[in-house]
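Which chain is which? They are A, B and C, in the order written, and residues in each are numbered from 1.
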Amino acid sequence: MLSVQNVAKRLPDGRPLLKDISFEAKKGEFIGILGESGVGKTVLLRCINGLTAPDSGDVVINGGDTVVKVNGKRGQELRVIQQRIGMIFQGSMLVKRLSVLENVLTGRLGRISTIRSLLYGFTEDEMTVALEQLERVGIKNLAHRRAETLSGGEMQRVAIARALFQEPYLLLADEPVANLDPKNTEIVLDYLKPLAKEVAIVGVFHAPELVSKYCTRAIGIRDGVVCYDGSPFISPSKLEDIYGTERAVCTTSVA
Amino acid sequence: MKTHFKALARFRKALLPVFGLSLLLIGASAVVRLDLMDLVRGLPRGLALLRHMVPPEWSAMPRMVGPAIETVQIAFVGTGFGIVLAFVFSLLAASNVNANRALRELARGIMSAERALPDLIVILLFVAIVGLGPFPAVMALSVSAIGMLGKLFADAFEEVDPRSLEALAAVGASKMQVIQYALIPQVMPSLIANSLFRFEVNIRLSIFLGVVGAGGIGSELIMATRLLNYRTALSAIIVILVLVMVCERISDALKKAVIGHEVLQ
Amino acid sequence: MKRRSLFNTGLGVVLFVAFVWSLVDLGISPRLFWRGLPHFFRLVSEMFPPSWEVLTEPDILWSVVETLSMAFLGTFFGAAAAFVLALWAASNLTPSRLVRETVKALMAAERSMPTLVVVLVLIVVIGLGPFTGMVTVAIGSIGMLGRLFAEAMENVDPRPLDSLKSTGASKLQIIRYAVLPQVVPSLIANTLYRFDINLRTVLFLGVVGGGGIGFHLHLAMSLFRYADALAITAVILSVIWMAEQLSNHLRSVVIGRETLR
């Protein structure tokens, strides 16, 4: 379970990007965050993960037995928290020269000692679990291929497998289908959607159609604040609130 | 137990290279009598050396100017002749300049043979032929340029768009005119950059050649250390460092001045 | 337009005048060349036939092994040190600007340091011998390899670094699993290239007392034993040729296999 409370973040030049963002996410929810490009959706996800520190506000993650505040943590303390937050990035962020399996295994680097990871690597048990995760996204057969030989859709499925391998309390997805064709978009999101039953998912999307098709809830951000929070089926007038007039007209006509 | 076996199996792939490398390292260490204690024991000697070196013999500085200039002259003249030689060889070796395949292969062969030839052999040969002094050094530097500069020049020539050469040939320009008006202008920045780089290499070589009797600042340094005149040696070292840095700066400035224009053109 | 061509012409004239002045000042003239010609013929006639029997001397054979060992170890330790320094010099791995600039300045200073200076100082500190040659070569490799390694690290795709960071991986783990895989081909190629340079440097070090086959060549030439010198030269050339073949082979095996996998 995730609770974002009054998060604010300024750009390096001092302009406010996120002013006051609050929302909660529970297991079973697949939240789609919408907003114009440049509104700070990615920064918000990075604040939740701790890659970026918010200027103010709190990010609290409740993993059932443990409740932790992400913000304000640094170094080892932060890394312990990050180990249980899966993150799927826009485009592929895989290490291209490692194999698919190795890429999945890197998901648990934070949990094993640095010395072991440098000298020995991963155990058989960890490999077995990693292979299971690959099987869940339907690409176990690619485990020993090099990541750079994969298609964009396959790479994103590897990214999902890596996030699952982390045994996350929370899954973050930053435009996971941004560079994919419609068919691969469907495949990737079809694998992602059912995972919401086990763990809350917060995703950033560029297309409202995808949110209404796959998400259980939508959040719209405009001018640094939450301007919409509710059903993924967003009415045209609400879309206008999120995107401004022109874009809303354009997207509704496409949808 | 089973997982242990599997873990070992995973290592087997890496075992041979790691084992081979370790063996090589151990063997080579024995050959060079690698002994870290040598370094530890050297520490007080290094400190003592420092004490004997500082302050540098400032009065020796004026004596160093002549040899320093000589070193630069050797590098400069050697680079000049080297450029000429390399230019001739590279024209013969470039497929878009020289249509004669046999001659081309011959030029390429000579260049790669020269590249394989260590500079030490070249310089010792010239010392044996023409005696000590700057002359063999200049000749060695010139000949050494054939391999390295010649290849870089020839590669630059071959990268030139052949259509631009044909266009000139089509209006009845002679071979020499094509080279002068179509080829050279296009490769000039690369020729200059590589020549300046060679000059920097030659400065270092020219310093080292003092060891085999070419004169210059390198000779001053080695003489001073042989006579255990460490303060004079430090003076020579300072002059050498200044020399190298000044030459690098000049070379950089020239590169920017000449190529900067060309690129903007 | 005018000013530029004026500048270039002026520069050309200055360089040409400097060239002629240097020629005259060094006392170089074609006469010297003609005077050397008879020496050349005598040299050639004395070189042949090469006295292959020197190659059976254990001293010479040992010095070949010594030369290769010096170059190999020097390259190995130089590359290892360069790798660590490069981590501190790469802008994407070391946030502190002060550390980065300091390490970069050190490496640049090393690049400007002529080998002759390094070896003469080390001879005083460590003494004559192959170990000194090895350390000289190692130090000489740091500046160039350090810069090349740092450039390779700075050019890696930054996104995998971020994604590993998001999973809570430590700095060393990120270097091992995201940076290293990306830079390995370039590290290997540059190290092998440096080995070739170092082999030639070691030959030179023989002249100042670093040992190795370069010493024996210099000795033979100084004692006018040209037939011996030719045989030694043949050995040097074949060693260099073999080292190059081996290095090409290694490069294609390691890098080729990586790409094919």
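Simple rule for what comes next: a contact is a pair of C-beta atoms (placed from the backbone, for glycine too) under 8 Å apart; a residue touches a chain by one contact, two chains touch by 3 or more.
None of the values given here were measured: they were computed from a predicted structure.
Distance from each chain's C-alpha mean to the overall C-alpha mean is smallest for C. Relative to subunit B, the most remote chain by averaged C-alpha coordinates is A.
Among the pairs A-C and B-C, the greater number of C-beta contacts is found at B-C. Chain centres here are Cα averages; for subunit A and subunit B they lie 53 Å apart. One inter-chain figure worth recording: subunit A and subunit C are separated by 48 Å, centre to centre, where each centre is the mean of the chain's CA atoms.
Look at where the CA atoms of subunit B average out and do the same for subunit C: the two points lie 9 Å apart. Residues of subunit B found to touch two or more other chains are absent. Touching subunit C in their complex are the following residues of subunit B: 24-25, 27-29, 31-35, 38-39, 42, 45-46, 49, 70, 73-74, 76-77, 80, 116-121, 124-125, 127-131, 133-135, 138, 204, 207-208, 210-212, 218, 221-222, 225, 230, 233, 237, 240-241, 244-245, 248, 254, 257-258, 261.
Considering their complex, residues 4, 7-8, 11, 18-19, 22-23, 25-28, 32-33, 35-36, 39-40, 43, 65-66, 68-70, 72-73, 76, 112-117, 120-121, 123-127, 129-131, 133-135, 200, 203-204, 206-208, 214, 217-218, 221, 224, 226, 229, 233, 236-237, 240-241, 244 of subunit C touch subunit B. Listing the residues of subunit A that touch subunit C in their complex gives 49, 51, 76, 78-83, 85-87, 89, 91-99, 102, 106-111, 114, 117-118, 146, 159, 162, 166.
Residue ranges on subunit C touching subunit A, taken from their complex, read 157, 159-160, 162-170, 172-173, 176-178, 181-182, 184, 258, 261.
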